[in-house]
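Listed below are the structures to be examined.
One chain, subunit A, appears in both complexes that follow, with subunit B as partner in the first and subunit C in the second.
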Partner chain A sequence: MSQFTRYLAAFADGLDQYRIQVSESSPVELAQRAIQASSEMRYSPIMPAFLSRGAGPPEIPSEVKSVTFVFSTAPYQTLGSLKPLLASDELRLIHFTLGLASLVFLNFNMERIEDLCDSISMFPLEHWPVNQGMVRVHEIVKKIPEKTCCTHEPVIQLPASFHPELRVYAEQIAASLQALWASYETYFKEERNTLRQIVAQANSLIEHHTELQQTLANNAGILEQKKANAIRAGLVEISAALSYAVTQGTSGSLPVLSSRSPFPHHSLLGIGGAVRAITKYTRSLERAFASRSAYEVITQRYSKLQLSVPKMLSAYNSGPEYKFPTSTQQEHFDLGPDCPEQDPIPLIAHFSLRHGFMESKFSVTAASEALTAESMPPWTLMTLSHEIMHSRVRSIFHALFGKTWDDAAHSVLSENEYDEFKSWIAAVEPEQRMNLRSSLRNMVLVFCDAVELLSNPVDRADAEEAEDEDLPVAKLSERYSRHKYMAIELMVHFHDYYFIYARQPLPYLMSIWASWIKVAPPYARPLEYLTRSLATVASGTGLDKKAAFDQAKEYFLEAVDALKAAGTTSPLYEELQKLLLERENELRAYFEACYYLIDNVRLFFASGTISERVDALRFDPLAEGSTSPEDYGYSIYVYGEGKPVSPVRFALASLFKTLKRNHEIDDTQWLSAWNLMVISS
Partner chain B sequence: MLNPDFLDRTYTAEVIKTKLDAYDIFKTISELILDSKTERYSDEFSAISLCHGFATSPRSFHRFPRIVRLPNGTELSIPRQKLIRGKSVYLYDVIVGHCKHHVVIAVPFHDLAEEVFQKIDQSLAGKGTRYEKLDITALVIKLGSSGEASLESAKGDNMLSLAVTRCHLAYADQQNKTSHLQQIRMNGSNLGLTEEYKLLIRSVLDNSQSHWTVTPIVLGFALLANGVRKSSAITDLHGNFKLWIAPGLRRLLRSFSLLAALESIEKVTSTTSNLPILRARSIREAEE
Partner chain C sequence: MIGQKQMLDIICTEGIEYGGLQEIPGQQHGGRTSFHEAKRGTRSVEKSSIECAGPDTPCVPYHLRLVREADGTLTWEE
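The block that comes next holds the complex of A and B.
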């Protein structure tokens, strides 16, 4: 395996005495050397940017005479504009990084740097002259471009609270916002708008809390107290996420030696570029989904639309109306008036070793492993889309079950919801007319009830006896609470499959089964995971349940064979194939329940207008008119030229190359950094 | 007269464009190729330099060797072979043409182009090399449903026109996410004269008319002077060209008129610093 990743290390030999080393050896060796020399060492990976096809990694210069850091906010495009200007021996000396100093030039003197001003003068830069390995600290050149924009940008009004319980959070949020506001001016201008939205959210929470405090002062009940607690928890989350955004996103800014990154393995340059990548990834999806809010569509349209979903799960057999339309007919979700997101809550994106890929109300985290292994299936940014889809599905549940995130009602299901469910079930007509919002809610309840019965089969006689009785609200609520997660996961799967994987069964199945073999739950509950994946690729086929299962099974076996052929193996695959052989009836029973749910989700939540925005086919310079990852023009020898890529399509194409063992080089860390660098641009 | 060995093949080409005269680039490339011979052609409007030589490779890019009988009666095996530093290598044509700020480089095999063009790109590093490419969607729109456009001739006496001879369209059903239709390929001497072409490119001309996102990914076109076909080329989105060069390289000479004609159409040509051959999937498939 060729090693393309390099490490730029700065050893502090004394006050203002820094020894520079560029090394291809393991950073552990560098750390060991620093311990032996009792010196502090900071280092970051740097990647040679211009590789030649078929050639190995470029040689490291025998002597480092200077290091120039260019803080390009669009390094992919900057590389594209630099390429024709650099001689072949210079091309070898250009590196990209995961830091805010996104480009590092070795051995370029200041005169040559000035020559390249057309490409880099719009970005801050820092130039370190080096003599016999020592940085000439007092000769360091720092340049910040003059602000050309003279338009007056309105400043943000920081949130404040005098309430003793909220003061600390308001202060922390204000301090973080201030730090980010200043940093984004130079390193991430467009993200200032997000700060405005966060301020609005924080202010609204504080205001809401103040109102609740007044109610509580009048001896209000436990509900108000729970709401107040939920609001505080929300502020804590915003505060914590912003704090991470500051420490991860702003360290490594100019001057480089003044701020140490919290990531020890990126201690010299930080990971500001990678944070910008996951933020851009998140924003691109948020923008697409904000164009048509699920919450608004459900509450404005579906609550008035008289349309029902089948209530008899056992009799559900899909049909042509469930098929993805083949004509110009629009999806249900896209009909009616515009429903843009009213108060979008932007997710604050950061990396986390502890949480891995995770989403919550105000933030989303990417696994820190992605910094070095994004190009591998378990750590691909495609998982970030899955987390962001959770946010979308949460808003669907809020709209269906009439609860907002800070709602703290006593019961899981309201009396009204239960009554509607009861009358729907009891109706003699097979499809009682009722509004679609209620129908969809009932569908989720039917699904949860069915999964409960599948998990705990009862005697036929008992079941027949029970059929005559109403399911009490407590029992229905319990079943809903127990199996809601599966309904959520299925909805997320659908959103992932349809919007992110552009409804391509093989790439989807290969991707999820390549990553699921690396985590524990699929080993613990293989039947559930297998069923979920089969139902997902069956959705929208319109096939009857038997044929849908058979086709999904074929897709699954083909995907597993393709993974094995490309060298991805796991004993879990054998276990799943055994399940398909030996427990097919059981699988089919679970599949039918999942198919019922996901097929109806497909019918009412697929949106052509949103998916068009996610794909960005007309704008993505690498797209070549297709959503297929195989047609996408992903290449490590191609550099940016103006238009940005669609982050989702780019990440999917990279993942597919990994799954097919088709990457041009075999250096996971280099490829991961490349992907993050391109998306950050 | 320059007479390449692989006249029976469509050549893979790229076009380098410089701000000033590109003769230096032409000279640098000519010096890279083996046994190069240069000839100059001129008319009252432009001077064209053509250089023919060979690229050496131990790899065989041809399927079968061909034996040709030379005028002196001797037989020659094509591709030629040569012993270089004790190793036998094949010699394949490399043709370089220069006219004003354009340099065209052409070789007879796509795989060979991947090797040769990369070497040339490396040797030109630092010279501000940029490759010309066409916005083929814009060109299809400019040519309209007739697939034809009249152009101004530099000489003023000829009626120049462009006609579409090949069109590969990628279809994406982003609204409904179906994959029932993914690509359509058409070729012919003048597609614009067919109803089928008009129908198929309707969504390119007006994307509100269909739920398909239709992207032209390969386009072939011919330059006609007073209705007589003078030269033709196929290109993709990235600046890869396929040229039929013809004996005596007459068609290659005329390709410079084709480039000039294309440049006279507003917002159709642009340049890229990316080496086109590294992104040549669609045009390669088109050839296969």
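The block that comes next holds the complex of A and C.
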């Protein structure tokens, strides 16, 4: 395996005395050397940007005479504009990084840097002259471009509270917002909008908490106390996410030696560029979905739309209307008036080693492993899309089951929801006409009831003799609470499969089963995970339940074979194949319940207009005029041309390359950094 | 993807369902079990405020069952 990844290390030999080294040796060796010399060492990986097709990694210069950091906010495009300006022996000296200092030039003197001003003068810059390996710290040049915009941007009003408990959160949130506001001015201007939305939400939460405190002082009930607790939990979430955004997103800013990154293996330059990549990835999806709010569509339109939907899970058999349209036929979700999301709150994106890929109300995290292994299927940014889809489904569930602030409801399911479920059940027709919002809610309840029953089938003889017992509403509520996670996961799977994986069953199955072998739950509950994946690729086929299962099973077996052929193996695959042989009856029963729900989610939540926005291929230079995700391709020898690339399609294309073992080089860390650098641009 | 007003209502709903329990677990030992759903299990059903079925609890005339046939196949019946 060729090693393209390099490390730029700065050893502190004394106060203001920095010895630098560019090395291809393991960073552990560098750290060991620092321990032996009793010196503090900071380092970051740097990647040679201009590789030659078929050639190995470019040579490291024998002597480093200078290091120039360029804080480009669009390094991919900067590389594209630099390339024609550079001599062939200069190309090997340009590196990209995961830090805010996204480009590093070795051995370019200041005169030559000035020559390149057309490409880089709009970004901050720091230049270190080096003599015999020592940085001449007193000659370091720092440049920040003058602000060209003189428009007055409205400032944010920081949250404040005099409540002794809330004060802690308010102060922490305010301090983080201040740090981010200053940093975004230079490094991520458009993210100031996120801060505005977060401030508005934090202020609103504090205001509502204050009102609740007054009510509680007047002997209010347990409901008010629960709401106050939930508000505090929300403020803690905001506070924690902002803290991460500060430590990860702002370290590594100019001057480089002034702040140490909290990531020890990126301690010199930080990971600000990688944070920008996952933020841009998240924003691209949020923008696409905000164009048509699921909450608004459900509450404004589906709540009035009288449609016949199948109420009987046992009789559900799909049909042609469920099949993905091949023409330009509009989906239910796209019909009716515009329903943009009102004041959407962007998710704060950061990396986490402990949480891995995860979504919460105010944040989304990518596994820290992605920093070095994004180009491997288990750590691909495609998994981040699954988490972002949780936010969408959170909104859908809220529209179906959510309470409003002024509700006096104490229970998980309201009386009205029970009544609507009752009348849905009581209707004689198998396809009950009811407003679609209620029908969808009832389908989720039926699904949750079915999942509960899966573990306890009755023998035919007993079933004939047993009397049907009515279902207590408390039990229905309990079953909903217990199994709604499964309904949520199925809805997320559909959104992921349809919008992100462009309805491609084989790549989808390969991707999720390459990642699921790395985590514990599929080993603990293989039947559930297998069924989830089968039901997902069955949705939108229009096939009856038997044929849909058979086809999904074939896809699964084909995907596992392809994974094995590409070198991804796991004993879990054998276990799953065994399940398909030995427990097919259980699998089919589970599948039928899942198919009932996910196929109807497909019918009412697929959206051609959002899908087109997710693809964002019309202006993407890598799409080369095609608007089909299947045609999307890229090369590490091609550089940016101005327009940004579609983050989701780029990440998917990279995943395909990995699954087909089709990457141009075999350095996982370099490829991962390349992907993050392109998306950050 | 979630609007300001909607978020407040979501927090309120979570207050009713979970009493204000935080969504992100405090995994003290940092062991990751899943990046898809397991960590969401902090709010397991035991921790939520589920109403208990008592003798006076109203019922819904809904009868779904999963029947095992003599040949081992499973059939949903309503």
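In this text, the second predicted complex is superposed on the first by the 653 of 681 C-alpha atoms of A that agree within 3 Å, B and C clash if a C-alpha of one lies under 4 Å from a C-alpha of the other, contacts with A are read in each partner's own complex, and residues count from 1 in each chain.
Throughout what follows, a contact is a pair of C-beta atoms (placed from the backbone, for glycine too) under 8 Å apart; a residue touches a chain by one contact, two chains touch by 3 or more.
Given the structure is predicted, the values throughout are model-derived calculations rather than measurements.
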Item to complete: Go through the superposed model and pick first if A:Arg588 touches only subunit B, second if only subunit C, both, or neither.
Response: second
Worksheet item: Just subunit B (first), just subunit C (second), both, or neither: which does A:Ala277 touch?
Response: neither
Worksheet item: Is A:Leu509 touching the first partner subunit B, the second partner subunit C, both, or neither of them?
Response: neither
Practice prompt. Go through the superposed model and pick first if A:Arg618 touches only subunit B, second if only subunit C, both, or neither.
Written response: first
Practice prompt. Answer with first, second, both or neither: which of subunit B and subunit C does A:Glu641 touch in the superposed model?
Written response: first
Worksheet item: Between subunit B (first) and subunit C (second), which does A:Ile206 come into contact with in this model arrangement: first, second, both, or neither?
Response: neither
Fill in: Partner chain in contact with A:Ser391 - subunit B first, subunit C second, else both or neither
second
Worksheet item: Does subunit B (first) or subunit C (second) touch A:Pro472, or do both, or does neither?
Response: second
Practice prompt. Classify the contacts of A:Ala606 with the two partner chains as first (subunit B alone), second (subunit C alone), both, or neither.
Written response: first
Item to complete: Name the chain, either subunit B or subunit C, that contacts more residues of subunit A.
Response: C
Item to complete: Enumerate the contact residues on subunit A facing subunit B in the complex.
Response: 52-53, 80-81, 83-88, 90-91, 324-328, 330-331, 498, 502-504, 540, 606, 608-609, 611-612, 615, 617-618, 623-628, 631, 633, 635, 637-639, 641
Discussion item. Looking at the complex, which residues from subunit B come into contact with subunit A?
Written reply: 114, 118, 122-123, 125-130, 169-172, 174-180, 182, 207, 210-211, 213-217, 237-238, 272-275, 278-279, 281-282
Item to complete: Please give the residue numbers of subunit A that touch subunit C in the complex, ascending.
Response: 197, 200-201, 204-205, 208, 223, 226-234, 236-237, 240, 286, 289-290, 293-295, 312-315, 341-345, 347, 353-358, 360-361, 367, 383, 386-388, 391-392, 394-395, 398, 401-405, 407, 409-412, 418, 421-422, 425-426, 446, 449-450, 453-454, 456-460, 463, 468-478, 481-482, 485, 489, 515-516, 519-521, 585-586, 588-589, 592-593
Discussion item. Under the definition above, what is the set of subunit C residues touching subunit A in their complex?
Written reply: 1-24, 27, 30, 32-41, 45, 48-54, 57-70, 72-78
